[in-house]
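My structure is below; once you've seen it, I'll send some questions.
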Amino acid sequence: MRLRNEEERYAAALITPSMIVVFGVIIVPIVTTLVYSFVNINPLSSHRGEFAGFGFYIKTLSSRAFWDDLGRTLHFTIASTAIETFFGLLIALLLNQKFPGVGLLRSIIIIPWAIPTVVNGSLWKLMLNGEYGVINALLERFHLISSYQSWLGNPKTAMMCIVIADSWKMTPLAVIFFLAALQGIDQTVYEAARVDGANPFQSFLAITLPALKPTIMVIVVMRTVEKFKAFDIFYLMTRGGPANSTKTLMYDTYLQAFTNLNYSDAATYAYLIALAVALMTLVYIRLMKRGDNI
Amino acid sequence: MKRTLAFALVLLLMLSLCAVPVFAEGVTLNALFMKQAGYSEDDVTAMTQAFTESTGIQVNPTFVAYEELAPKILTSAASGGYDVILGDCIWPAQFAKAGIVLDVTDRVNALDLDDIYQGALDATKYEGKYYGMPWLNDVKYMFVNMELLKKAGVEAAPATWEELIADAKLCKEQGICEYPIVGCYAQAECLVCDYTCVAGAFGGAFVDENNNPTLNSAENVAALDAMAQALKDGLCNPKSLEMIEDDVLSTFAAGNAVFAINWTYQFAAMNDEAQSSVVGQGAITPIPGTEKAQSATVNGGMPLMITAGCKHVDEAWDYMLFLASKEMQAKYCANALPIWKSLYTDPQVIETAGEEVVAASQIQFDFIVNRPMVPYYSELSTSMQTEIQLVLLGQKTAQEALDALQAVALELADR
Amino acid sequence: MRRSISSRRRRTMALQMFFGLLVAIVVLGPVVWMFLTSVMRPVDLTAKPLRLIPQDITFDRFRQIFASASASDPAYVFRIALKNSFLIAVSVTVLSLVVGTLSAYAFAHLRFRGKNALMLLILFTYMLPPVAMIIPLYRIYNQLGWLDKRWPLVILYLSFIVPFIIWVMQDFFGSISRSFEEAAQVDGATRLQTLLYIFLPIARPGAIATGILAFLMSWDEFFYSLIFTSSLASKTMPVAIAEFNGKFTIDYGMISVAGILGSLIPVLITVVFQKYIVLGMTAGGVKE
C-alpha cells in the first residue's frame, strides 16, 4: 500500500504540469460553453436569458439540417481517414525498402504536410478552377474530359475534391508514423519467417500488420478527431457549397456563431461534435481490443 | 550615500508612476478596418494621422481581411475590444438588435442628409434609427466587353434584360464567346448580391416597406427563372456556381465573357495590363432592367459604427465624421466613390475617380436596392444561397425554392 | 542460381522505383504548380487555354516579400509573421514535449486511481471544437490583457497540443517493455533516472515524430490566431497569408510565394530530424 501511494505521488508530480497547461486556460470556456447550451444567450432571440434545459439539444437533434451535416461530416471523415491510412501504409512499406532514390523520396514525401493549410486550400482551389485550373487543362490535354468541368461548383464532385486536397496534405503524416513503427519491427522475425517458407505477403499479414496495429489505431483515431473538426479547408475551398454539399457540422457551427449569432445553438453543436467524436473513438478502441482477443 | 541613492530611486519610481496617468489622459481609440483596395491601409493610416494631428486623439487602427471582420467584431463585442468598427451594410440591423453597436440617430440627423445618397444612409437604419455613418460607397454595375459585342454586330450595351439575352445569344451563336454571361453564383453572399440586382430589375423585392418578407412574389420568381434559364441555355457560364467576384473579374479579364455584373473595383482591374488582356475593351454601364424597372443594383457599401463598449463616444464619432468628411472622401476617391452627392460635380473628384465610373454611378445610384435590413438577414441569406443554387442547378423550380425561403423568413422574423 | 536471384532482385527494384516515381509525381505535382504560380504573371495564370510552361516568369513577388518595408504591405506583414510563428511554434514544441512526455510516461507505466477517467477527460478537451469556445475565451484574454501577444498564444496552443502529445506518447511508452524498468530498478536506479536514461532514449524517435507534429500543429493553426492577434506584435503566418485575400479578390501568386516560404522551415526541420525517426530505433528487444 505504501508503495502504491508513493507511485501515485510520483504520477501526480508527473501529471500536474500537464493538467495546468491543459485546463488552466480553457476550463472556464469549456464550462461556459456547456452552460450556453442550456441557457438561451442568442442576442437576436426574444427568449434571451431564459433557461432552455435540453431545448437546444432537442431542437438540434430533431432538425434535418443537423443530420444532413452529420452525414456529410462522416462522409468526409471516413473517406479521408481511409485514404490516408491506406496510402500512408502502402507508401511507408515502399519507403521502408532499399532502392535507388528512396532517401530522396523519404525527404520529399514530407513536403505536402509542411504546406500551411491556408495555402493548401487556396492551391487546390486554384488547380481545380473551372475556368483556368491546371487539372482541367491536363485532363483535357490527355482527352480524359471533353471540356472544362466545374469540380467545386458541382454538388457531386465538390466533397471529393476536398477529400483529395486534404488527403494529399495529410497522408505524409501517416507515412512518417508508419515508417517509424516499421523501423521498430525486429528484422530477425522476418528472417525466421522466410526460413519457414513464408512469402512476403504472408509475413506482412503475420508480422507487419499486427506490429503496426497500435500505430494504425493512433492514426485512425487521431485523424478521425481532426477530420471531424476540420474547418479551415472547407472555409477556404467551398464555404459549404454548392447547395450545401460540403456543409459539415463544424462549418455549420461556425455559421451559427458568426453569421447567425445563434451562440447557444453553436455551443450545442460543439458539445454534440465532441460527443460524436468521443463515441467514435470508443468504438474504435473496442474494435481494436476485440481484434486482440481473437 | 546609499540612503540617498535609495531615496532617489524611490522618488524616480514614484515620479514615473505619476507620469503614467498624464499620458493616459489623452484618449486612445481602437478601430477595426478591412484590408482592401478602396481606402487601402495606407489611405486609412494617412487619414488617421491627419485626425490625430488636428485633435490630439490617438487611434490604433487594426486591419483584417473582410472574411475575418465579423468573427473579430463578434468575439470582441462582449468585452469591448474596439471603439469604432467598419461593417458590411447588411450588419447594422443585426448588430443593433444584438446590442453590439450604439444608436447614433441624433448625431446623423445633425448632418446634411440631403447631400448623402439615400441608399447608403438606409443601410445604417433599423426601426427608424441610425446605427452608423455611411463611409465606403459601392454598388454593382454591368461590365460589357464592347469589342466582342461589336463583333456580334451590336453597337450599344444592352439596356434591358431582353436585349442582354438576345445579345448573348448572338455572341454564342457566332462563336464569339462560349458563355457570354458570367456571374458569381457560389454559395456565398455574392450570389444573393447578384440575385438582388436581377430581382430588382424585374421589379421584385425581398421585403415590403414594413420589412415583411415577400420572397415568393411573382417578380422574384420571374427573376430567378430568368437566371436559371440563362444557365440552362448555355448563355451563362455553368462554372458561375463556383465563382465569387474575383473569378468573374478574371474570366472577364481573360476575354472569356462579354457580360459580367460586378463591383466598381472591376473597372480599374480590367484596365490593368498586369492582370487583364482586355484593357480598353470593357465598358461600365448600368445593370439592364425590364419594363417594370429601368435598372437595379445592390448596395455594397460599408458604414462605420460605434460599439456598445466604447467609452469615448464623442471622440469616436468625431473620428468617424473625419474619415467620412467631404475633404477626406474627395482626397481618397481613386478607389472608392464618395457618399456626398455634391462631390460628384467636383472636377478633381471626376478626374481622380475616372470619368466613366462617375458617369455610370450617376445613373446607377438612383436604383440602389438594399438587401433586407432586418436582424435575421444573415441567417436568411445562408438559406437563400442554398435554395437559389438548387434552382440554378435545376434541382428545384424557382417557385418551390422561393416558397421555402418565404417560410424560412417568416419563421425567422417571428423568433 | 545466383544470377536468377539478382535478376529477380533487379525486377523488384525496378518495380519499386516505378512506384516511387509515381509517388513522387503525385507529391510534387501540386508543389511544382505552386512554384509556377508564384512566378507566373497574373494574366498567364488566368489565361484559357492554360499554358503549362509559362513564357515569361517574374520573381517580383519574392522580391516584394524580402524587400518591402511598409507596415501596411501584406508582404512585409508576412515576413514578420513568419518570425512570430517560428518563435511560437518552437516554444510550443519544446514546452509541450517536456510536459507531455512526463505525463505520457505516467499514464503508460504507473498505476494510480482515476487514470482512465483523467485520460478521457484530457482527450475530451481535445475533441471540443474551438469555434464555440472562442467567445468566452476572448473575454478572459481581454480581462487578463493577453490579447495580441505571443506567449498567451503559446499557452492556448499548449492546451490542445499537450493532450495530443500525451496520448500519442503514451502509446510509444506503452510499447516499451517493462523489463527495462525492472532491470534498472534492480541496478538501483531511481524512478526518475529510469525515465531519463532508459525510457527517453528508447522513445526518442517517437518523441521526435510527435514533436514535429506539435510544431506543425502550432505552425498551421489559424482560427485562434486570427481572433487573438491583431498587429505585427503577434500576428502569425497563416493569418498573414489570409490577408492576401481581399473582399472580392484572391491573390494566388502571393499566396503561393507565402506557401513556399511558409513550408521551407517545416520541411528543413523534418528533413533534419527524419534521420532520427528512421534510424533511431535499435532493433531487437525494444518492443514486447
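We just call them A, B and C in the order they show up, numbering each chain from 1.
Convention: a contact is a pair of C-beta atoms (placed from the backbone, for glycine too) under 8 Å apart; a residue touches a chain by one contact, two chains touch by 3 or more.
Small disclaimer: the values here were computed from a predicted structure and weren't measured.
Asks: Which chains are in contact with both chain B and chain C?
Replies: The shared contacts of chain B and chain C, listed by label, come to A.
Asks: Counting C-beta pairs in contact, which chain pair has more, A-C or A-B?
Replies: A-C
Asks: Find the geometric centre of each of chain A and chain B from their Cα atoms only, then give the gap between the two centres in Å, rounded to an integer.
Replies: Distance between chain centres, rounded to whole Å: 36 Å.
Asks: CA centre of chain A versus CA centre of chain C: separation in Å?
Replies: Chain centres of chain A and chain C, defined by C-alpha means, are spaced 15 Å apart.
Asks: Multi-chain contacts in chain B: which residues touch at least two other chains?
Replies: 71, 74, 250-251, 254, 256
Asks: Scan chain C for residues touching two or more other chains and write them down.
Replies: Within chain C, residues 46-48, 134-135, 242, 250 contact more than one other chain.
Asks: Residue numbers in chain A touching 2 or more other chains?
Replies: If we look for residues of chain A contacting two or more partner chains, we find 131-132, 148, 257-258.
Asks: With touch defined as at the start, can you tell me which chain B residues reach chain A in the complex?
Replies: 70-71, 74, 94, 97-100, 186-188, 237-243, 247, 250-251, 254, 256, 375-376, 378-379, 381-382, 385-386, 389-390, 393, 395, 415
Asks: Could you pull out which chain A residues touch chain B in their complex?
Replies: Touch list, chain A to chain B: 43-46, 129-132, 148, 150-155, 238-244, 255, 257-262.
Asks: Which residues of chain C touch chain B in the complex?
Replies: Of all residues in chain C, those touching chain B are 41-43, 46-48, 70, 72, 74, 134-135, 138-139, 142-143, 147, 226-227, 230-231, 242-243, 245-250.
Asks: Touching chain C in the complex: which residues of chain A?
Replies: Within the complex, chain A contacts chain C at residues 4, 7-8, 10-12, 14-15, 17-18, 21-26, 28-30, 32-33, 36, 91, 94, 97, 99-102, 105-120, 122-127, 131-134, 136-138, 148, 168, 172-173, 176-177, 179-180, 183-188, 211, 214-215, 217-218, 222, 225, 228-229, 231-232, 250, 253-254, 257-258, 263, 266-267, 269-271, 273-274, 277-278, 281.
Asks: Which chain C residues qualify as touching chain A in the complex?
Replies: 13, 16-17, 19-20, 23-24, 26-28, 30-31, 33-34, 37, 45-50, 52, 95-96, 99-100, 102-103, 105-107, 110-113, 115, 118, 120, 122-129, 131-137, 140, 155-156, 158-159, 162-164, 166-168, 171, 174-175, 191, 205-206, 209, 212-213, 216, 219-220, 222-223, 237-238, 241-242, 250, 252, 255-256, 258-259, 262-263, 265-267, 270-271, 274, 277-281, 283-287
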